[in-house]
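Common to both upcoming complexes is subunit A, partnered first by subunit B, then by subunit C.
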Partner chain A sequence: MDLSKRNRFSFSEFLFVVPALVFYLVFVVYPLLGGIFYSLTDWNGISPGFNFIGLDNYINLAHDEYVLGPLWNSVIFAFVSMILLNVFGLLFAVGLDNVAGKSFYRALFYLPSVLGSLIVGYIFSFLFTVPFSEFGKMIGWEALANNALGDPDLALAMGCFVATWKGVGWYMVIYIAGLQNVDRSLHEAAIIDGASAWKRFWSVTFPLIAPAFTINMILSVERAFKEYDLMFSLTGGGPGRASELLSMTIYNESFTNKRAGYGSALGVILFLIIVAVTLIQLAMLRRRENDIN
Partner chain B sequence: MKSVLKMFVSLLVILLIAVPVFANGSTEGGNGDTKTITFLSLSTQGNGIKAAFEEYQKTHPDVELDLVPCTTVTDFETVMTGYIAAGTLPDMYLTQIGAVQQEYAANGYVRMLGDTGVMENVVPGDSETIMYNGDYFTFPLITEGVAITVNNEVIKEAGIVLDETHYPRCFSEFLEMLDQLVAAGIQYPIAIAGKDASSVTSFAFQYIYQVIYGKDPNWYANLLRGEHTWNDELYLDMFEKYGQLKPYISPNCLGMDQNGVYRAVISGESPIMFGALNVVASIRQIAPDLDVLCLPSCFTDDPADQTIILGYGDGVSICSTTDIPDVCIDFLKYLASDEGSTIYGNATQSILATKENHVNSDPANDIVTYIMQNETLPVSPMYSRQWIPGVKEVMKTAQQNWFAGADAQTVCDEIQAQHDRLVAANPDWVKNFLDTYTEK
Partner chain C sequence: MTSIDYQKYNKRMKMFKVGRKAGVQIVMTLLAIVILYPFVMALGVSVKSPMEALLSPETFPTEFHFENYAEAWEIMDYPTIFLNTTFITVAGVLGIVFITGLAGYVIAWSRCKRFYNFIYVFFLCGMMVPFYTALVPLVKLMSDLHLTNSRLGMVIYYWGRNVPMAVFLYVGFIRGISGEIMEAAEIDGANRWSIYWRIMFPLMKPITSTILILDGMSLWNDFLFPRMMLTKSALRTISLSQYYFTGELGTQYHLAFSAYILTMLPIMIAYFCLQKYIIKGVASGAVKG
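Presenting the complex of A and B:
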């Protein structure tokens, strides 16, 4: 093996990676390190100076009710969104697989995914205020009639509903890609063996789309934990703090309450939560994939 | 040969990406004489700055404006935090005058304006809000107030006459007006955006300025000293009054945003809203010819105690780090002049804080302007602009919880707890506030 030649090629390939690497270092690694740095300070976001306070911010947030409520909301939002997005994403992918005009329906279901979260939030804010409210009055459902976004018991649930409406098309596309890799002959063999439609899905299709399932499960949770703009435009975190997510608390602490150091600590914690949840999911789902194989 | 080509292509790709990324962001013209003012502004006032600058540029063709709009005050402060962290401030900015701007001055981010001569064209007002260490850190362009805004067409249809001498003078008269509207078929006369911090807290703040400060002019300072609390009788009474208004507010208000309020007011579904005087400009964008009127707050029990709530609104500051201080001062002088402020005022439909201007005042402000000019009511300043950062968010959460059914005592206890949290997190701010506080 000619190592010098190989290294030369590797260097050329590395050069191609350099632009992306520079962007990654400047826009991801540098802010991340900056966030960790400021999380160890009492910077208020205004003064040029600050004091290093060690881990005080982290110790304080462990028993700060102002933070724990939104953290719990984020966990609920992530868990419910993950289930809804994957159940309906898979349902649409499978359901539209053999339907006439499936390309049209796929495009229709995918369309909300290309809309900005803020736009979707404001559209649904209007829908809940006027048409849904009128509909609620018509059918006598008081919670809907009085605007479900203003109900502390329903606001977070409505956020999950809108997030699902917006995102389900994207997850559907990933499942469609997975379905296209399923060998049709396996289905034909199962039909000959007399397997029911459910049996064919559960024993043939579902195991074979495991990689798509892994990707969707991980991304749906990661995105839900980072969600900000949709809930901001939909409920603003209210009523009270009923639908406030941790990402919104980070913003409020950093910029409204002028506690940039504390807000940075919250950001680091959110980052660690996402990393931990992703690693756990990866380990579990990869093991499942290996078991299937 | 192939590998050389590959190397060449990869280097070319890097160069193509690197050039725009690391290119000099300067907007100087080809001859290098053009000077650009980077101007961070609240978007509601951006049109005024732009209109005034266009006229200014006719005599100063070598100056360009790079206007950076921010939707809300919080957005503005967020962007400023980014600038501060990056160590590159804009040349000038325009935002709501308040405690945070004072902190910018305290940290040396703004150039003091005392020596520029522009302050001579400011109407008298609560100068404490625009000063730091004996000098001015901002030029107040507009006079802002909080008031009751009404769709006068609907009010007239209900047989109610409002003009410079006829408007509700106290809380009971306001309730009478609401009852008349209900009798005329308006089920919920008051529109409140439960989702919007300004709207949902507007009544509370107006009550504080007018009623609570009427009883103790040093209320917030005394609260910080521990002589008052958010859950004592003085503040609890606010909820008693607000509770009397609840039957006149739509039960779906908690899910409504500010656009919903504009829709309700303009359509006449709920013709009354609480808010800053500048909401008229937003209403005008949707319904230019609507008969709208702003009324002074009327939440005292005794008509003799009524005040009008006014103060300096948005101010223009020059950052200390600007490379073109002379250009910025020159443009500020133009904004402060009769011509510049008139253009600005007409574009934003604001009540200006400049002594000399010829703004075509919006008829919605007729009553307020009459009261200001004839001094028929004493002025209550807008003290909340000097409060600890984060108070408004605490108030918003509390008001929403109260609308959602929590009792007043629980809500006030929560405000007290959250306020204590803010105070504990910002001891320097509290110390500085009390050290520099002037007793009223």
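Presenting the complex of A and C:
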């Protein structure tokens, strides 16, 4: 066999990649480049003509209250739901280890994750309107009694709560997969050495679930920044714009307010945030994983 | 420690452990109630009379009006939305598996390493692109290609959008398959196409099912883009009909919740049947991701 020949580029082999490459180029790469292109224009999304305005969109959005509010909301939403999803995901996973009827609980906790965010938002917006407000009256929590989703100070927090209800099972499953790597004999050895439960968790269990932790941290932040459906159906961004996320602003600017260029610039900012967050977390968590090992 | 001390210690330790176990059990049960509560509430409201649903939606139903379901079914045109969603999801995931499996195979196995590594990284970059960044040009593209208001248009779009993740999972999995089988097949003189379908594709079954599950769920539940692309009522998907139903009849709780239950049912049934595979698929997809 002529080996040297086989290392060369083969066109028939390349044909295998072509379909995926074509659909990827057309529906992912081209729109991304288009988004960056439009972000440098004042296009309204409809008329055939538009002007190049350089970086004006980016300069304007840096002090546009209309944009900075939702951006801040997205940051809070991402940060809080990252913490809630990971803390509860891990607690559920560890708790399930010591429970009778483990597989039943696991299946139940995962159930909300298969539903669409949209329907979850609709159901919870009803729950806040009636049963939760009855409950609020009962325990004398006024904000809840008057429908917490209508309270500008609480709407976003309630969004984090609902996002946690919906997503926690997913994070639990990843942590369970990680915990399966933990060898019981290591734990027993640590008990004999007199290590406390906290110490055992921190120095035996945690290093072994560190990869699951890395994935969950990154994905929870990334998903929160990309969230739209849940907040849309839960609060619609309201009251006022108190719980509007950046993704909703991008949509509204691009289509409702007919500022496609400006909306695209916001989209590019979101893209940069996601890339930055992913890279920073990856670097930090990798270092932590190395420190532990 | 004397042996009596030790026994005492052992007993106390045991009681502590039993107590802790009961505590964990109680906490887990409470959490299970928190998870279940919205479903129970939704079921309760869905069978109430219009009057009761409006006046006291949160109580246990006094009468059972299952005809609410028939009415909601009729209003949503359930068979249509179910078939639309099924068609889009099935055609979508089959296409994704078809094109990304082939690509993943060549990327993982080609001897032309440098070139295909470049292609691989190029595909992976797509995972970080948020849908919203590309929103404006995407809408323009879809209408230029005459893919709006078309189920097939949605399907073709998904074939592109879901490429990065699927290629990533396929390449990771295929790189773990032993090379001996492949080399034997190549010496046999079989061409790549038949090697792929006769040998590789069956070996890729576990990761293929993971991709089918992950992408199937994301396509089934997709909302924002279908809402922009499918404006004709005959083309509505399940998510879209949840949206329109809430807009039109959202305050008629008895009907809205019948519709919610009916539209959640297919994915919940699928979940109960495939529970083991779904959980396993999600875990393996993420750990590799």
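Everything below uses one rule, namely that the second predicted complex is superposed on the first by the 270 of 293 C-alpha atoms of A that agree within 3 Å, B and C clash if a C-alpha of one lies under 4 Å from a C-alpha of the other, contacts with A are read in each partner's own complex, and residues count from 1 in each chain.
Keep this in mind: a residue touches a chain if its C-beta (ideal position, glycine included) is under 8 Å from a C-beta of that chain, and two chains touch if they have at least 3 such contacts.
Treat the numbers as computed from the prediction; the structure is a model and nothing was measured.
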item: Fit-or-clash call for subunit B and subunit C when the two complexes are aligned on subunit A; value: clash
item: Touched partner set for A:V204, first subunit B, second subunit C, both or neither; value: neither
item: First (subunit B), second (subunit C), both or neither touched by A:G45; value: both
item: Subunit A residues touched by each partner, larger count belonging to subunit B or subunit C; value: C
item: Partner chain in contact with A:A195 - subunit B first, subunit C second, else both or neither; value: neither
item: Which of subunit B and subunit C A:T235 touches, first, second, both or neither; value: first
item: Partner chain in contact with A:S10 - subunit B first, subunit C second, else both or neither; value: second
item: First, second, both or neither for A:A100, with subunit B first and subunit C second; value: second
item: Touched partner set for A:V182, first subunit B, second subunit C, both or neither; value: neither
item: First, second, both or neither for A:Y66, with subunit B first and subunit C second; value: first
item: Partner chain in contact with A:G35 - subunit B first, subunit C second, else both or neither; value: second
item: Residue range of subunit C overlapping subunit B upon superposition on chain A, of 39-47, 111-119 or 183-191; value: 183-191
item: Subunit A residues contacted in one complex by subunit B, in the other by subunit C; value: 8-9, 12, 16, 19, 34, 45, 126, 251, 254-255, 260
item: Sites on subunit C touched by subunit A in the complex; value: 20-21, 24-25, 27-28, 31-32, 34-36, 38, 41-42, 45, 57-58, 98-100, 102-103, 105-107, 110-112, 115-116, 119, 123, 126, 128-141, 156-157, 159-161, 163-164, 167, 187, 192, 196, 217, 220-221, 223-224, 228, 238-239, 242-243, 246, 250, 253, 256-257, 260, 263-264, 267-268, 270-271, 275, 278-279, 282-284, 286-287, 289
item: In the complex with subunit B, residue positions of subunit A that touch it; value: 8-9, 11-12, 15-16, 18-19, 22, 34, 44-48, 66, 125-126, 128-129, 133, 145-152, 235-236, 238-242, 251-252, 254-260, 262
item: Footprint of subunit A on subunit B - complex, ascending; value: 3, 6-7, 10-11, 13-14, 17-18, 21, 74, 77-78, 80-81, 84-85, 100, 103-104, 107-108, 194-197, 251-257, 259-260, 389-390, 392-393, 396-398, 400-401, 403-404, 406, 418, 421-422, 425-426
item: Subunit A residues within the subunit C interface of the complex; value: 1, 6-10, 12-14, 16-17, 19-21, 23-24, 26-35, 37-38, 43, 45, 92, 95-96, 98-100, 105-120, 122-124, 126-127, 130-131, 134, 165, 169-170, 173-174, 176-178, 211-212, 215, 219, 225-226, 228-229, 233, 246-247, 250-251, 254-255, 260, 263-264, 266-268, 270-271, 274-275, 278
